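A, B and C label the chains in the order they appear, each numbered from 1.
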Amino acid sequence: MEPLGWFDILTRIFMQFMPVWIALVVLFTLSIVYKRRLGLYGKLFDSTIGMVGFGLVMFWVFTGIFGAFDLIITHDPLAQVSSMKNKPPGTPIMGAEDGQYPYYLFGGDNLARDVFSRMVKGAWVVVQIAPLATLFAFMVGITLGLPAGYYGGKLDTLLSFLANLILAFPVILLFYLLVTPEIVDTGIPNYMAMVLFIFPLVFVAVLLNSRYRTQPAVRTPLLIGVLGVMGWLYLSLISQPGTAITVLPDALDLFNLQGGILVVFVSVVFVNSPTVFRIVRGLAMDIKTRDYVAAAQTRGERPWYIMLWEILPNARGPLIVDFCLRIGYTTILLGTLGFFGLGLPPESPDWGTTINDGRRLLQIYLHPAMVPAFALLSMVLGLNLLADGLREESLRD
Amino acid sequence: MKDSYDGPILEIDSLSISFFTRLREIPAVMDFSVRVMPGEAVGLVGESGCGKSTVALGVMQDLGKNGRIVGGSIKFKGRDLNEMSQEELRKIRGSEIAMIYQEPMASLNPAMKIGKQLMEVPMIHRGASEKDAYDRALQVVTDVKLPDPARILDSYPHQLSGGQQQRIVIAMALMAEPSLLILDEPTTALDVTVEAAVVQLVKELGQKYGTSMLFISHNLGLVLETCDRLCVMYSGEAVERGSIKDVFDEMQHPYTQALFRSIPLPGADKNARPLRAIPGNFPLPHERPNGCNFGPRCDYFEAGRCDAGDIKMFDVPGNEHHATRCLRFQEIDWHAEMDTGHGAEKPEPGRVVLKMDNLKKYYEVAANALFGKRGDTKVVKANETLSFEARESETLAIVGESGCGKSTFAKVLMGLETATDGQILLDNRNIESTPIEARDTQTVADVQMVFQNPFDTLNPSMTVGRQIIRALEVFGVGNNDAERRERMLQLLDLVKLPRAFAERMPRQLSGGQKQRVGIARAFAGNARIVVADEPVSALDVSVQAAVTDLLMEIQREQKTTLLFISHDLSIVRYLSDRVMVMYLGHVVELGTTDQVFAPPYHPYTEALLSAVPIADTRVTKKTIVLEGDIPSAMNPPSGCPFQTRCRWKSQVPGGLCEKDVPPMRQLGGGHQIKCHLSEQHLASMEPVIQIAAE
Amino acid sequence: MAFFLLRRIGTMLLTALCLTFIVFWLTNLAPNLEKLAKNQGNVRMTDEQVASFLQDRGYAQPLPLKYAQWLGVAPGWVIEGRDGTTRSRCNGVLENGVPPENARSFCGVLQGDWGYSTVFQDGVGSIIATRLGLTGKLMFWVMMVMVPGALIIGVLAGMREGSRTDRTLSTVSIITTATPEYVSGVVFIAVFASTAFGLRWFNGSATSAMEDATFENFTLPVMTIALYGMGYIARMTRASMAEVMTAQYIRTARLKGVSFPNIVMKHALRNALIAPFTVIMLQFPWLLNGVVIVETLFNYKGFGWTLVQAAGNNDIELLLGVSVVSVFVVLITQLISDIGYVYLNPRISVS
């Protein structure tokens, strides 16, 4: 068989992505039709930049999700076809078996794996970890930043000192110290997970309690229900058989994170939270001078109600924008980790690791590194554009 | 340098200006004409958003990216500004036409010394040398009566007080002796006594330099004091134009009339002759009705005629300088008495509910926030020995300018701060040292507050109804959600808002409507004492009346004790039973409204009274201009707090005013004054305001 | 002002103490020490041997004591090992078990003794000094490219918000911020230094630049770091400039008849630079990240490369030295940024 030309390669890739295109078209049509009813999200569709950004982001999100169901990929990302080592894009597989896709669309890497399928699978790693890690970082940052900004004084001094302490650490040094197999053995990341992941629980508990303080009949069952479910999830998350923390018996343990992911997750949350803390603290200090906060105080609201229901919702604009930017930043961090070979297993298809693998032979073979590099670039670019669009639209009106 | 030209300085002819946004074209000014003659001061009055500033910026040809002049001409000394090139405009700006803005702090470059900012003007326009420019700057700063001009030239804007900054802005405008000065609400951000001094200065300088002025304001009283002619604007159009006398005394437009009826003039009385608010709301530029813009709110509206088509300016017969944009102006009986509607009974004050006794609140503050040494603190005496009583269904006004301690007092009463000394008795229970968390629900619900800034008093991300329901929940009103919802709707009825507003977000409400929601929320727990902190000062005049009226009405129904904090003596005189005047944390005068508004006055009350502009040509006022600014509470003067600005000080022998804080003196009938002046001097005081007999 | 400085320096020292202690603790955890022992001795050591190896070299002491010794506030250890040799922290292997005349008993950071690198077999002080010098060279050029470039782009874009220049420059800035160093570095090497594209304008490795930096071997690393930071600073500058340009006092200046170039230069610039200045200074710590990536990618053996080596091999004392230096870089830039902020912003007065 002849190697494919660039036109054929692109057409075939386009075809492979068909589920993603369909999903994107459906999503955009629905959103544009109902945009007037969708609040800030709807307004996004008034801004070209925002739409382009959202499109890019959703492209990778869908790619990640469909990729996880083995929809888009052409080959097993770990399978090696010996003749395909470092072959350029579009190379046909010699003696392809029946049912096997006959080409490596983006070529093969130095272990003769399919670059295209690895890129698609890599998206799933990012789409799984980045938003969730950012969300946790926000929970931690918000739960600590609100009281620091609202009360000020000693509490603020202490928390700010701690935040600055973490910020003064060069991120890479921190990663090198935390994400090594030796440290993982000591169980420190598990303990950190235990501490960091408790914040969402605290956050939701305080949120509900402050809202329904005046109606104990509603509050108590609600709290028990919600906290019960969250607590179970929490315990399942932190409890890992074979590590320092095994609190749940296997039967009750809902899921276990695959090796390395928990450490990576914890470190990323840990590095991101102080910045979120600082932002939230600044916003809280600003908003607490508003009259509606004074009005809440004069009707005797408790501090946590004021923080969570009067201050936080009105800080959402800058926080949403920062959330998007931060997912991008987290994606970059994940890549950095992969680049230094930290955390995730070496055969992992995530983009940082593949870039790192590919760069060794970069002078001769471009494609193994360039493909994931552009994937990461477009994803982060999308998030940045999305944040910009959101910022612009939230400033209007 | 200046050419001799004796035609009109500024001639605006059927000017129309639009802003172009993504959604639509917003016609901000339509068919607007005005003429300013040399040496003349023309006022431009109207409510917020009616297009006053847009006219001013149109004259300066600085409408921003999306603004455009879509019709008409603006001639300056006979030359059309629309047709000038950027270069020509640049030569005129600053040298021939100068503009002064509302916010002094924002119009000065924070990172440039005052001197440099002033000297720039002659250096650009006349190529003056640095030395000449400096001399000129020194002279102008002296002209605007700033102390120690050399030091001021060498300081940064943030080192001056608001009043001083505004004087610098004025000085900057006068640097090149322009022929036309445009003042856009030059004093709104200033305290009343400082405002009076700045207005006085502007008048003097206008005469001295022979400058023509276009004076923009929403305050009819100020325009009366400063201008020769005026033009009333409504929703993008000029509705009436004429000399001060014509418009104030012989008004020919229903809007002008309604405006005058909605502001408290001396003689108005909340029970016998209440104010009359203009019904309805100001239309947004893109929601203007057909025909007369004022139609939907006009008492004389005639369907089929007023809403038929565009209405042009008509000259009033017999007076070619007086014009009005009303079809029916000749049919209306302009002298008919206002229909006062309900003349309510004056409620009798009941028993004492709130009693303050020698209340003191001191703050310790770091001397310098950023670089301060530890332990280097100062004591700020925010409230000094406050004593008074308030009764059921009584309105007690607390009057004073910025920094006088009004807000601190409110905070202590609400329990957001605890008192340093003295006591607060609510129904004979001490609450001065019970912070709000420790108060029981009933006490919290009893004492509530209405805030000043309507744009800030509602949580922007919660529906109106939800916010009221939350207050009900906290105050323990109603047994379940349905009951509370019902009660919330009743509260909306109480403040005269449609029930549908419950589902709205605060940003969909106008300022006055938000303030009503604020009031509804305060009354959610059937408050018995309501502290209203400048509840109407941020609202437009036509809305002010409606909101004050509402407060009064609820008070009458619910027998509420109202503590009304304000700096505006006109409104205070209109609605309060008793008045307490504060200055720098001290109560300087306390008495019934009649006692406080008639001599003998405390010297500060006297100055305050003279400073408030009154929009009534029959009123003659004594002019008492206070020197300098209000001292900072961090650094109060020794002895009497008012001694730095008091004009009576020399009458007190032995420099007593500088040495001792005067005692509170009883003048009989509960009237108290904190002053060293002798009986004779007090007795010799003349009334500040006199109404000429009709 | 003096008080302010003192307080800041106090906080700085406290932060440095806390951070070094954390690093010290993490590197001295049992698995790390075991790895160290196996690296130093041989890989097939039994647990027993590891224990005695560590015991003999002072690693088995309690953590606070070890930390105090490293700091130089406690006397260094002298241990007679099970193998018969007596070792001391300050004077190495002791002949016949007694310290020589005038030997020091304290040898920690306070005495200027940074310890000994197990990887490079050299004093930590001298390693850091040379590596820091090399990185200094790199950073200097990065700053020279990045700061003026970013400010010019930001000011030009923010000067007339919404214009075509603004849109173009903003898009460029967004793209550069979305490109981490390991992506842009890879792309640069691919495009400018690989045989595949055949351009071969620059060198794909900067090893030779350590001795003699030339245009060929230094452009790519410098550009890689500068680009990422540039977009960020440019966006901050643009935002700040755009905000200043809508300020009332700019309108005042315009209506005073000041010409547009003068408005930008005299009135807007100083105000617009206040915010980005802080950002630029706070970029430093973050540039350190870029440095580590780029030095690894281009094989430039500077400070960042050393960090990777030290961390990868659990070279405790070198790692501590590296942390101290990087923490101080971060804290000193914060201090400078505060002082500069005060200088640029007359609204904050210094008593």
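We adopt the following convention: contacts are C-beta pairs under 8 Å (C-beta built on N, C-alpha and C of every residue); 3 or more make two chains touch, one makes a residue touch a chain.
Predicted model, so just to flag it, every value in this text is computed and none were measured.
If touching chains are joined by edges, the resulting network of the protein chains shown connects every chain directly with every other.
With centres computed as the average of Cα coordinates, no chain lies farther from chain A than B. When the interfaces B-C and A-B are ranked by how many C-beta pairs touch across them, B-C comes first.
Rounded to whole angstrom, the centroid-to-centroid distance between chain A and chain C, based on C-alpha atoms, equals 26 Å.
Inter-chain centre distance (chain B to chain C, centres taken as mean C-alpha positions): 55 Å.
Separating the centre of chain A from that of chain B, both taken as means of CA atoms, is a distance of 51 Å. Across the assembly, chain C contributes no residue in contact with two or more other chains.
The multi-chain contact residues of chain A, meaning those touching 2 or more other chains, do not exist; every residue touches at most one other chain.
Listed in rising order, the residues of chain A touching chain B in the complex are 46, 214-215, 290-292, 294-302, 309-310, 313-314, 316, 397.
Chain C meets chain B in the complex at residues 1, 3-4, 162, 247-249, 251-259, 266-267, 270-271, 274, 344-348, 350-351.
For chain B in complex with chain A, the residues that touch the partner chain are 22, 414-416, 436-437, 439, 441, 444-445, 447-449, 451-453, 456-462, 471, 473-476, 507, 518, 521, 524-525.
Across the complex, chain A meets chain C through its residues 161, 164-165, 167-173, 176-178, 180-183, 185-186, 188, 328, 332, 335-336, 339-340, 352, 355-356, 358-359, 362-366, 369-370, 373-374, 376-377, 380-381, 383-385, 388. Contact residues of chain C toward chain A in the complex are 11, 14-15, 18-19, 23, 26-27, 29-32, 34-35, 174-175, 177-180, 182-183, 186-187, 189-190, 193-197, 204, 285-286, 288-289, 292-293, 296-297, 304, 307-308, 311-312, 314, 319, 322-323, 326-327, 330-331.
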